[in-house]
Structure formats: structure tokens, C-alpha cells
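Each chain gets a letter, A, B, C and D, in the order it is written, and its residues are counted from 1.
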Amino acid sequence: MSAMLETSGLTMRFGGVVAVDRVDVKIHEGELRCLIGPNGAGKSTFFKCLTGQYKPTSGTVHLREHDVTGWDSFAIARLGVGIKTQVPSVFDGLTVRDSVLIAARRRYGAILARKRTDEVLGRIGIEDIAGKPVGLLSHGSRQLVELATVVASEPDLIILDEPTAGMTAEETARTAALIRQLNERHAIVVVEHDMQFIRSIAKTVTVFHQGRVLIEDKVDVVLNDPVVRDVYLGKEPIRAAVGRVAA
Amino acid sequence: MDLALIVLLQIVTSIAMLALISLGLAVIFGMMRVINLAHGEFLMLGAYAAILATGHGVNLWVSMLLVAPVSVAIVGVVVERLIIRRLYGRMIDTMLATWGLSLALIGLVTMILGNTNTGFSAPLGSIAIGGFRMSGYELFLILFTAVLLAVVFVVFRFTRLGLIARGTMQNPDMAAALGIAPSTVYAVTFAVGAALSGLAGALIAPLAGVVPTMGTAYIAKAFITVITGGAAILAGTISASGLLGAVNTLGSFLATPVLGEVALLAAAIVLLRLLPRGITGRFLKGSL
Amino acid sequence: MQFDRRSLLRTSAIAMGAVAAPAIIHRGAWAQEDVIKVVGIHDASGGLDIYGQPMIATLGFAVEELNAAGGLLGKQVELINYDPQSNIQLYTQFATQAATRDRAAVVHGGITSASREAMRPILKRFQTLYFYNTQYEGGVCDRNIFCLGSGPAQNVTKLVPYVMNKWGKKVYVLAADYNYGQITAKWVKKYVTEGDGEVLADEYFPLDVTDFGPTIRKIQAAKPDIVMSLLVGGAHVSFYRQWAAAGMNKEIPLASTTFGGGNENKLLSPEEGDGIHAAFAYFQELDTPANKAFLERFHAKLGDKAPYLGAELAMMTYHGFNIWAEGVKKAGSVDRMAVTEALESGISYQGPAGTTVVDPKTHHATLDVHIAEVKDQAFEVLESYAQQPPADTQAVCDLSANPNENKQYVVGI
Amino acid sequence: MNAALKTTWGPIALAALAALAVCWFLPATLELFALINATVFVSMAILALSLALVWGYGGILCFGQAAFFGLGGYTYAVAAINFGDTTGAVPLAILVPAGFALLLGYFLFYGRISDVYLGVITLTVTLILFKFINSTASDIWTIGTAPLGGFNGIPMTPPLNFPGDMTAMLMPDQIFVLAVIGLFLCYAIAKLILASHFGRVVVAVKENELRAELLGYDVRLYKLIIFTVGGAMAGLAGMFFANCVFVSPTMFSLSYSGQIIIWVIVGGLGTLVGPVIGCILLQMLTNWAGTLEVIDPNLVLGAILVIAVLLLPKGLLPTITGLIRRGDRS
């Protein structure tokens, strides 16, 4: 398999704090990768570097044949990277349908985009709230809406930063199924704290700790690694997840 | 040689004037993230308070240094209660409401006192510097502004009040942790900011003349100085006034006063383009 | 029908020369009205109120006197005052209002040359007679307007040689930055050069400038013998304050063609104002029987509210109204053209400011000019020059030869 | 299609009817003076509409909309005096402010300047233009045959003529009708822009700039274009204003910039009709207050703004329509 996304020596410093420290990560075409790590491990900062929201202090990001280091977010998005951010980033003043349509319309003409919008709304299971303003929805529904906008823009690589936070068990299960389904056509990177969720979808897992990659291996290997248990799973297995829901 | 000295003095005067007219706005902006567009009218009220007080036989210095700040502080408390308090956290709405207040105050003072120029003469006579003469009052203003900045620094740095204020700047919950309601801190801050504006208005009155619309001549300058300075109250005010004041004076000397003003404005634009969070958003971070 | 009216107006507009627009005018009604409407447009507020308020007072007084004496053509005169608040665009609004809604027989007003130039085209377009009674830079050549204040060939021409003779040849000019200041500064340069003097520098200030610090330092560096001030309005009074605060009033003498027009001498303390020289067609301190009698009537009528009349502007407004009234009496009508022709017959009026004679060719006035010095907040007249013609405008304008002319000439240097 | 009829073409048709009614009715009934005043109101309404679009839909709080208004007026006056014919001056009066908005917008948006900083810079630019134009009284400031006149402005601003025929000057009633048509066209253009994909993205950018960017939209470009359209409309407003008053530096003044914001906030941010109504109502109110001897117009205007922000944060129109809707339901 060829590398779709590759970072080498990616580093992000804020003043004296090193949030991301010489990270080398490769994501292959069509891969489903899970990213775990305690709060403050640098996962979200890493994503912001990938999607152009931060300009990395040093190191590079390659997307297929392009060196996209320091590119603007929209340009990276246009190369086929979609991200669902940690705190849902949605259009509060628009309806669910309009939000998804805006995303679909970037790729398609008016008629195809409408078709695509209906299809995505159905696939994510939010047709029933399609006419509602996003600002009035619950946290879980907003997560789904954001997911729908990301999916509708049909990126080759989808980054999902804690997609199930605030979801009910049923919504979570649906999301897991959806991710597996999406993975048929898109490469996916998921950040999660819910171990069960990770077990249910992941093949390869990368563990972040203090801005660096601690370990990267098959899911069973990683989850049974004593060091991983020590820095992450052993110390705050549930609380981290709970804390995130509250956030 | 004398000329160089006099140009230097003029630059210092400009800087002091800018710092003086901006300080009240900077305190309110730095502490509360509120941009008080009625700041110019607070200056105007201070100037009128001083004029009315001297008109009633109060000593000139008492009028300028005591009556003006105290009366405007009272206005500030009322304004904070009636308007600002209801709009915390809504920066744009606060700007619009204080703008409305600014218009209303101009209208009110015009109705009561008339839209006419008044003023009083600067005290303290003049002094000779080599072959040049300069007004003693301007010299006094420079010194007074320096002292005022020093006092604000000492209060913020070394007193409990300052501690609470700095804490609130960082995080509003901090004041609550110290057992003081943030709303009290905000009310006091607004009153202090208003008092500083009133004081500044009274002090510039002898040089500039007093008219209900006088605030409009200063608000833009003060606003631009504060935003260019950034969030740190003292460091921002001093650095921005220093830079803009120097540019203004040099422009005035080399060309005309109008070009001096244009140079000041253009400098502010360039600065904001380069440092979108103001000078202290980039340098001297976390200073006062 | 519509087309006919339009093409007619279009043709007449072209015939009238450079008139900016054809006009729809609902005229004719006023002739039957039982009052004669006169509109006064002067700033009662804002930065120029220092000039406006005395002018409003004298215009009102002139109308009352006339009405008390039986009015005009057997009718009472109704005075409508508008306050443009020192805002140029309000001048245009009120001028339009005076012409199209009030259908005034005459408009008296305008203080700055900027306000005159704003109103002049409108009043000409709507065919309403206009009197501008302020000392100004000269050169307006337009048959619809009468400019009765003194011009540079009457005041600058006397003041500049007088002060150069008294104080020295090097002059520093400070002027308000609009047409008055710009044009008058040219006249000052002309007369200074003719007197073998030198203008060291000329600086121009928008009307809202209050900070003269850098300029005062520049003047000190230039070391002139005289500072000539053509500054205008309330904000510019700061210059005199800052000048005195720097102690410069003891070092370099000031002369001005504007100081006193807005009673600046009363706004400043004696220490600040003493010694400034000014030239005008009138000072309240003039020691003539006509002036004394006027002041007695004026004060008897207005009591404590009587403003200090200072220099020229308020008094020429009084003269201006009376000259218009003379014209109406002579024409036997308030019709614009009839009154204009009557005034062009060389009407003169003898008032508190002496004799004012209308110059038929220029619509300007021949009048007395005085040079005075500020002493203890009052003017002390130093020299008087009787019956000075408006030579500046006469040199360029002849309305009897070119009645359709409509422009302001500027001195060529 | 039905939705488009309801939200776009329906309002445009209604606006066309209203414009027709106004053009039919007012010139026949109003006195000349009132008609000229009405033309001023309409030109201001175009100005209000321009900010309603830029701020209410583009989310760009521009403190300097008066800059484009003034530029439009001055461009028109200078071009008309130079050409002798106003046919070419009108497009210039739209293009020059639009071009200026394009440059300024490029500087702002591509510099990623937003919020209050954007407000400060637009305000500062307007102040610079004001100070510059206010100090052009000297003869050297002459463009072609048109002196800029400094504080005086250009009192001899020529009125519009029939296209191509410089001797056929328009009457005040014709200028009024043209201004109303101008207002209608601006409204229709704004409505069509908002109904288009481009307009939806502009609104999406206002709602969430980051999200739009992460979906692959270059938000800078969208902001720049809507800002430029707003500048063009403000220029057109300035052109009409120059026709019924004349151009002077006050067109660039802070008080104009301020008033526009007041119209929009009072009328209703996020609507197009609201600011137009707010503008006309407030101007009538200010004019009326100006004739009162006792109350200063500034006091009235200021109090209205404070009350609007405190009590009607949504603005007049949305509050009223909200009340009507609630009434319907009960």
C-alpha cells in the first residue's frame, strides 16, 4: 500500500510548550486508523497541523504527491481531507439540509448536489431533522450533522476527532457501523476514548503521549501494552471519556 | 540644538496627550474587553465639569484634578448599572450601545449648555528653553501623565485591588475565588476608567477648548491607540502612544498637522496588519 | 405637455449660461401673500456660532425696526431663521427650503465662503435673491448675489502695509483650509511682496484643528517679524490660547483679517488677546454719532441679551438688510429682477458703519475700513480709510457688461 | 422551486410593486422640496442596504461604509465635471468605490483581520479619506477640470442628464424615480445573490468561518466579493446623494458611518428590508427632531440606539414579524 498522508518530524511549539514533537505518521489509502492518548497528548493540535489550521513550527506534511506543509485549510480540504472537529463546528444559523448542501455543492452542480445531500442525510439517519436549524439541536445530533457535512464533501481522508462524544449508546453503535461503511470508500482516522468503540472498528492504533507517538501497532497489541496501560488506560480509563462529554 | 530639543519636547507632549486621552479607555478595554465608544463624551463631561466648577468659584486645580474625575466616575457607575452590565460578553453590542450613549450625551449637553465653544486659559505661564518658549502647562501635562501612569502601575502591581484586577483580567472566576463578585470588580473598573477619562478631559480643556462635540475629535484616536496597543493596559497604552505620537509629531513637523494625523492613522493600519492582536498581543505578553 | 414644459425649461437653462439644472418653480404665490418672507441662514450652533449669533441678532433687530416703522410696501416682513449648525450640507438643505418651500423674497446668510458657495448655485437655480454680508476673499461675479462685506483690496491692502511698516518685513501666514483662507493668503502674499517683504511660510488648517503645538514651534524656528492669522471658527481660537500659553504673544506680534469677526477678543483674556491688530469695515468701538445712536437703540431693545458686535459681520448684516429694503422701496416690488435693477442704480445706505454704496458692476460695496488693536478685550481704532472701493472684484468682474457671468475669480499670482 | 418563489422572487415582485407605487404617487403629490428630500432618503436607503448585505449576511462589521459612499459621490462629481456628460460618470461612481473595496478587502481578508480589528481599520481608512479630502482646498488638488475644493466640497456637482445627451438634464422628479429604481435593483441583486450558491456560502462563512474553510471554501474570496458588492452599492448611493445635495467631505464623516450602522441594527440585522425601513424611519425622525427647538436630534438618535441594543437586539423588523407570527399561532 502507498502512503496517502505522511508526516515527518512534524513539530508544533507554542512559546516554550511543545504540543506536537517530531511526529512521523503514515496513513495508507483506504486505511482505518485509531488515534488514542490522554488529554493534552497533542492529538487535536496534530490534526490542526494536518488540516492547515496551524502552521507547523517544523517538519512536513505530505498528502499523496503534494507537500502541503503550511497550506491554507481550504486548499488542503480541496485535496480531499475532511475533518470533524472535537467541538462540533457547524453552521448554527442554517438548517441541517442547507449545511449538508453547502458541503455537497463544493463538489457537484446544483442538481447532483441535492441528490447527494438527500443520500447523505439518509445514510447518517438525520432526514427527520433536515429542516431544523442546527443551532437548536442536541449535542449528539450536532455531531451527526457535522459528520454529514464532512461526508457530503466526499473527502478521500476523513478525520474524526471524538465522533461519539455526547451520543447515546444507540447513536454510538450507528456511528461505528457508519464508520466501517465509510471506510469502504475513504481512508479514516478516528480519535476516541471509548475502548469498546475502538475494539469494534480499529485495525491499527497509534498512541500519542506528551506530543509524541508512543507506540503504533495492531489494536490487540496496543491495548495490551503495559506502557500504554500505564500512561493512559490504567490511570484514567473512564474519566477521560466522561470529561470529554462534559466539554 | 534648541530646535532638536523643542522637537523632542513636542514629541513627548504628543505621546503624553495620546496616553492621557487613551488611558481610561485602555483600563476598561483591558479589564473588561468592553470598548466604550462614549469615551470621548466622558472626556467632554470632564472638561465641562471643570469649567462649571471653576465658574462657581472652585479653585482651578481642584476642579481639574478632583471635581472632573469624581463627577465622571459617578456618571460611569450609572452607565455601568444601566447599560454595560446587561451586555457583558457581547462586545459588538456594547460598542453599539455606548455609541448610542455617546450621541445621547452630546445631545443632552448641547440642550443644557448650548453648542458653543468655551474654554479657559492654561495656567502656569511659559518657560524659555534656549531661544524657544514653551507653555509651562504642557510641561506639567507631560509630568502629570508620567505620574498618572506610574500610579496606575503601582496600584495594579502592589495593591490587593490590583491583584484582584489582574486576576479578573486573566480569568473572571478568579475574582470569585478571592471572594469578590466579578460584577463588583467590573463596576469599580468602569468607574475608575471613567474617572481617568474625566480627568483627561479636564486636563486637555485649556489647550483644546470645550464644546459638546469635542469628544469626537478624540475617540477615534483613543480607540485606535488602545486597539493598536493590545490588551495590556499600561504596556499597550505606552507603546502605542509612543509610536503613534512620534509618527504624528514628525509628520506635523515635516509636512502639515493634517499629514501628521494621516501618518498616525496609516501607522496604526500598518501595525494592525502586521500585528493583528495589537502590539502587546505579540510583544510584552502578559505585562500590565 | 410634460415634454413642452421640459424643453422650454431646457432652452431657458442653456440661455442662462452655466446654471446647473433646470428648475421647476412654483412661483407667483408670494406676490399675493400679506407678508414678505425673508430667510436668514446663519450658524447658531457649532464651531461657527461665534460669528452666527451676533449676525442673527442684528438681522432680527433690523427686521423689527423696519416693521415698527411700517414695514415694506405696506406689508410686514416675516423673518425665518435657520440654523445650519456649522454643517455645510445643512446650508444646501435650508437654501433649497428657503427657495422652494418658503419662497423667500431674499435670503441673507452664509458665514464662511464655503457656505456661500454651497448656497449660491442653489439660490441662483431657484431664482432667489441672495445677500452675503460677510467680509470675504472677493471675486464672486454673479448677478443673483450681493456681497457687501469688505474684501482683500479693502482690508488686506491696508492691514499688511500698516503692520509691515510697524513691525518688520518677514511674515508667517496661518490660514483656515478652505477657499477663504487659500485665496486670502494669496492676497497677503501679493501685498507682502509688493511691500518688499517676504512670506516665510504659509500653513493651512482644517476648521476642526485644535492642536497648534507643532506649528507654534515651527514659527519659533522661522523667526518671523509678524504672524498673519486668517484662522476661522471656534476651534481655531485654540491657536491664540496656545500661542499666549507659550508666551509667544510677548515675542512676535499678530495681525489678522478674521480676529474679532467672531468676538474672539471677548473669548480670550486680556493677557492673551492684547496687541493683536485687525482690519474691518466696522468695529463696535467706532466713535461716530450714527454708531452710538444705533448701539443705544440696540441695547434698549435687547437689554442683557444684546451680543457684543465685534467686527463687521454683524453690522454688515444690518446694513445688508437695510440696503435690500432700500432696493425694494425703490423698485416698489419684491420681484427679484426689479430689486436687482434698483440696487444696480447705485443705492447707498448710511448706517452705523458709515456709508455703504452698492457697486453696480460687481454687486459689491464701497465702504469705510478701519485698522484696530485689541486692548483689554476691546478694539481701539488706530486708522480709518474712508470709502474704499471693492477694487479686487472690480478688476475682474463687470456684471453690467456680462450679466450672465457666474463664477468666482481668484487672484492670479 | 416553490421555496425559491417564496423566499426570492416573491419579495422581489413585492418590492417592484412598492417601487412602482412610490414612483407613481410621490412625484405627483410631494412638493419639490419634499421630493428632493425623499431622493436623499432613497439614496441613504441604498447605503443602508449595502451594509445590511455586508454586515447582516456577510458578517463583516464595516465601520467605514461611508468611505465608499463618499468615493462614489466624489467620483461622480469629478467625472461629470470633466466629461461634461454624466453618462460615463455613473458607472465610474460604482466602479471606483468597488475597486477601492476590492483593494481594502484584499488587504483585510487576505491578512486574516477580523472582528473589532477590522472595524478599527475600516474606521481609520474612512478617517484618513475624510482628513485628506478635507485638506484639498488648495488649487493643486484639481483632477482634470474639477477642483476637489477641500472643506467646501464641490457645490457645482452637475445633475444627471439623459444618457448621451449632455444638454438634457434630468428634473428632480426624474432623479427621484431613478433613485427608487436604483434601490429596487440593489434589493433584487442582493436577493438573487443570497439565493445563489455563492450567497449561501457567504452566509455559511458568517455562521462558521472555520467550518466553511474546512469544507474547502476559500472564505477570504467570498468575503472579498460580498464586501466589493457592498462597496459598489454604497458608491451608487453616493452618486444619487451627490445629485440631490452635493459632495463634500462630510460624506466621509464618522457620523455617517455611525448612522448607517444604527439604521441596520434598528431595522434588523440579517434582513434586507429592515435596514431600508429603519433608515427611512430614522431619517424622518431626525429631520423632525431637527425642527424641534427643545430636543436635540443627537439625543433622540442616541437613545434609540441604546434602547434598540438593549431591548430589541434583533431589530425592528424581525421583532415585529416575530410578534405577528406569535399572534398567528395563538
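In this section, a contact is a pair of C-beta atoms (placed from the backbone, for glycine too) under 8 Å apart; a residue touches a chain by one contact, two chains touch by 3 or more.
As the structure is a computational prediction, the values presented were derived from the model and not from experiment.
J.: Would you mind checking which chain's C-alpha centre is most distant from the centre of chain D?
T.: Following the centroid criterion, the farthest chain would be A.
J.: Counting C-beta pairs in contact, which chain pair has more, A-D or C-D?
T.: Spelling it out, more C-beta pairs touch across C-D than across the other pair.
J.: Centroid from C-alpha atoms only, then distance chain A to chain B, rounded to Å. What do you get?
T.: Chain centroid spacing, chain A to chain B, equals 48 Å.
J.: Indicate the whole-number Å distance between the mean C-alpha point of chain A and the mean C-alpha point of chain D.
T.: 43
J.: Based only on mean CA positions, could you tell me how far chain C sits from chain D in angstrom?
T.: That pair's centroid distance is 37 Å.
J.: So, what's the distance in Å between the C-alpha centres of chain D and chain B?
T.: Each chain reduced to its C-alpha mean, chain B and chain D end up 33 Å apart.
J.: Pull out every residue in chain B that's touching 2 or more other chains.
T.: 110, 256, 258
J.: Spell out, as numbers or ranges, the residues of chain C touching 2 or more other chains.
T.: Correct list: 177, 204, 206.
J.: On chain D, where are the residues touching two or more other chains?
T.: Chain D, residues with two or more chain partners: 131, 134-135.
J.: Touching pairs of chains, all of them, please.
T.: Touching chain pairs, listed by label, come out as A-D, B-C, B-D, C-D.
J.: Please give the residue numbers of chain C that touch chain B in the complex, ascending.
T.: Those in contact with chain B are residues 45-47, 49-50, 85, 177, 203-206, 208-215, 217-218, 220-221, 234-235, 237-238, 241-242, 244-248, 251, 267-269, 271-272.
J.: Which chain D residues qualify as touching chain C in the complex?
T.: Against chain C, the touching part of chain D is residues 31-33, 36-37, 131, 134-135, 137-139, 149-153, 155-159, 167-169, 171-173, 245-246, 248, 250.
J.: Spell out the residues on chain D that touch chain A in their complex, using ranges where they run on.
T.: Listed in rising order, the residues of chain D that touch chain A are 197, 200-201, 203-204, 206-208, 210-219.
J.: Going by the contact rule at the top, pick out the chain A residues touching chain D in the complex.
T.: The touching residues are 51, 53, 72-75, 77-78, 82-83, 85, 89-94, 98-99, 101-103, 105-106, 110, 146, 149-150, 153.
J.: For the complex, give me every residue of chain C touching chain D.
T.: For chain C paired with chain D, touching residues are 6, 9-10, 13-14, 20-22, 24-26, 87-89, 92-93, 96-97, 100-101, 113-114, 117-118, 120-121, 177-179, 181-182, 204, 206-207, 410.
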